[in-house]
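These are the structures in question, set out in turn.
Each of the next two complexes has subunit A plus one more chain, namely subunit B in the first and subunit C in the second.
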Partner chain A sequence: MNAIDVKGLHKQIGNFEIKDLDIEIPKGYITGMVGDNGAGKSTLINHFTGLLKADRGDVKILGSDDIERDRENLLNRIGMVFAEDNFPEHLSPAKLEKLLTVYFEAWDSAVYHKYLDDFKVPENTRIKKLSTGEKVKLSLAVALSHNAELLILDEPTSNLAPTFRMELLDILQELMINEEITILFSTHITSDLERIADYIMMIDDGEILFNMEKEALLDTYKKVKGPKGMLDDETNELLIGKRDNSLGFEAMSNSWDTLQELFGDKVIVEKLSVDEVMYFIKNNRRDV
Partner chain B sequence: MKKQLYLNLMYSKWIWMMGGIMIVINLLAAFSQSLINLQPFMPFVNLLNLIVMVYTISSIQNIHTLITKNDSHHFLYSLPIRKTDILKADYIYHALMLVFTVAVFSTYVIIGHDYHLYYGLVMIMGASLIMMSIYLIIFANSWLDSAILRYIIYFLPLFIIYMFHFMPLNNTVIHNIDLGIGWDIYRFVLPFIVLGAGIIVYAASYLYGRKKIVKSDIV
Partner chain C sequence: MSRVHPESAHGSWPVMTGQLFVFINRTYTSLFTKESHLGLTPVYILYILSIHTIYGRGVPVNIQISNNTDTPIYEQLKNEIIRAIMTSEVQPGEALMSMRALAKELKISIITTKRAYQDLEQEGYVYSVVGKGTFVSEQNANIQRERVLLEIEKNIEELLKTAHQIDLSAEELIDMIHVIEEDKK
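Take a look at the complex of A and B:
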């Protein structure tokens, strides 16, 4: 079962376009969404929270295929951390809670205060005076305090100190013990995804380039390196995003075993990182 | 809908407080006018009342301007509430603010003013309903884009009415100037026509806006 099911989503905003996307975010898993700035991550997320309305296509979230009709119910079940700090700055975290208790049916004050305490966010200081990291922590505390079934985190770790980033990843992993929760985690710090994501989705220029289980992705695709002049047209076809350098070539391939059979020790096959997957796929798009 | 009303009240607390203080000042002035000469203070009291009523009559625009600070509307409008409830609450809230404006105005009138001033108020209320209908239809289509510009556009006709209806009405009645039947219709009948039209346009714009708002992008 999927927490989010998107079919043929199309949206035009100025010159930017999201092009007939099909996406499935499986329930009970962490899906990491990667992509450069301006790739369309936040635009896509804004469709899930009802801030944007698709020009065409279907978006089904937590079983509802009518976000407008079920908006109130859905947003009660979604915890959201925005890429930017958009809190009313004149409020303190304590006063913000008064507002949130009015909005969220399942608001858990004890959990909110526990997170504020754990994250060392001062409760009675105006949000305006909090540091960027503290604002992200506050945003996380809000998202985690109303028993959300779907957490949508838009670049939550970008402004966090490394130690707290690790702490956050632990919290998210702990939440996953309850398999009812689904997390969609957008970031460009791909090492975070390598640690916690079950699925990885890459978006570029409004298009989904891949959406795969992380282990399957990293098992299927490998980095292949070899000397110059070894490849012919046929073997070149087996490579994705090939780049030549002074020593030879470097590329990604899902036929790395075939290349190994053909060239033996002449080719070096290595495990890829998510960063490298993105790099080779983008190279490939440029070449096409 | 209650959620949005709560949000509106939270953001406009200071306007309600300002209006409340103005009511107290007006009442104190009204009850003490037989004991002390208030004339030296009246220009100041008049100005204060005008400022307070400018805020009470445009409280929605004020809230919208405040919540666009730090792009807080991205956060506030992604809280669990239906878009149609946001719109409904804003319509109800403005109607409440008009009632509150009448309350402030009524305490102002009793400080030795003539009741003819109510014709001017009726005219402004009617124009406010018409302009707010236009404002909220634009809101339903494009939410808070150019909020400050729309604030100004809302106020322009109200300012013109204040200058060319309210002020002449006051001056001609005080000085008992008779300018003929046409002028009387303009002063005493037109306000009720504008108010009636305002009520109809306000209701119709809500019905139109609630269809539009579910199809529009918030950000």
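Take a look at the complex of A and C:
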């Protein structure tokens, strides 16, 4: 079962193009979306929330293939957090709630106040006067308070202090105990994802470079390092995004075991971080 | 290790080490009254350095996971659970913590725990009942011993390979083992 199912999504905005994407976001798991600024993360997310309409292709969210028609139902079931919030600035979080209770059928006031309290967001200060971090926390509290099945978080952690980021990850994992909940989390702080994401999706220049299980990704691909002059044309073929330095080379490879067999101790095989995966894949794209 | 049901854990926590015990005594009140707000089986956790002592349905399991080794996390988790089964920390028929709760407690992804549980099931250590959870299987003691012996054999081969690099003889290795064992006592 997928929470989000995208087939052949195409969108042109000025010079930027989202190119015939197929995406599946499995229900009950955390998918982390990574990519540089301007890679198309937010553009993609805007399609999921009905803020943008595809030029062509199908977008199916929580079983609905017509976001326009099911807008009200869907927005109740989706919790959204953006790095910038769009709440009326002159309201306080307490007053904002009055508005939200009208809007969300399954509004849970107790949960809302619990999160405001946990996050130390002042209830009676106007939103305008809140710090950037507090605003993100407020929008998190809102997203978490209407029993949403799908949480879409667009760069939620970029304005948050590291300690609160850790807390947020705890909260998200706590939510995931419920098998019905799906989280799509876009970020360029990949360490957040390394801990909790089940799937990692990488987007670059409007294209999906990969969307796979994080464990499988990091088991399949490893970082390999070796001295200068060790490789020939054939072994070079086994490397992705190779970069040379004065002492040797560094690359990513899914044939690291072959290289180990061939070169023994001369080649060093290490675990990759998600950042490094992105780095080598981008190198590779540039080289081709 | 004594078996303590969480509700009766106050004051009678199985002693692990002296220091830890003091720490636990000081903090257990707040930790042990914390209930999952989702209304699921309460989970009792202590997070001390990288040692997680986990109580689920009264079954204590020590699980230690490190992010800084080459061993994949699902494999570490699997090995830890096998160890808990072998040392009878969990008995046949007892339930393991749910995958999702365990993922949260260990701060790892759900798929990682899922994979460890699947492997354990395939290898016959545990079985799962849809909608109920994962339970420890009746273990065949001989098969288990075989498995462990195989594992030891593999480790010894590695050890010999390493020792060979500096021309260390098997006799010298055995001496080292004795010395290290003495130290541990």
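As a convention for this text, the second predicted complex is superposed on the first by the 288 of 288 C-alpha atoms of A that agree within 3 Å, B and C clash if a C-alpha of one lies under 4 Å from a C-alpha of the other, contacts with A are read in each partner's own complex, and residues count from 1 in each chain.
Throughout what follows, a residue touches a chain if its C-beta (ideal position, glycine included) is under 8 Å from a C-beta of that chain, and two chains touch if they have at least 3 such contacts.
Because the structure is predicted, anything quoted here is derived from the model rather than measured.
Colleague: Given the touch rule stated above, what does A:Pro88 touch, subunit B (first), subunit C (second), both, or neither?
Modeller: The first partner, subunit B, only.
Colleague: With the two structures laid over each other on chain A, which partner does A:Asn178 touch: subunit B (first), subunit C (second), both, or neither?
Modeller: second
Colleague: For A:Asn73 in the superposed arrangement: first (subunit B), second (subunit C), both or neither?
Modeller: first
Colleague: In the superposed arrangement, does A:Lys214 touch subunit B (first), subunit C (second), both or neither?
Modeller: The second partner, subunit C, only.
Colleague: By the touch definition at the top of the document, which applies to A:Tyr29: first (subunit B), second (subunit C), both, or neither?
Modeller: A:Tyr29 contacts subunit C only, not subunit B.
Colleague: Which residues of subunit A touch subunit B in their complex?
Modeller: 46, 49-53, 68, 71-76, 80, 82, 84-89, 99-100, 102-105
Colleague: Can you tell me which positions in subunit B touch subunit A when the two form their complex?
Modeller: Per the stated touch rule, the residues are 2-3, 6-7, 10, 67, 69-83, 85, 214-219.
Colleague: Please give the residue numbers of subunit C that touch subunit A in the complex, ascending.
Modeller: 36-38, 40, 70, 72-74, 98, 100-101, 103-104, 107-112, 115
Colleague: Given the complex with subunit C, which residues does subunit A contribute to the contact?
Modeller: 28-30, 169-170, 173-174, 176-179, 195-199, 213-215, 218-219, 270-271
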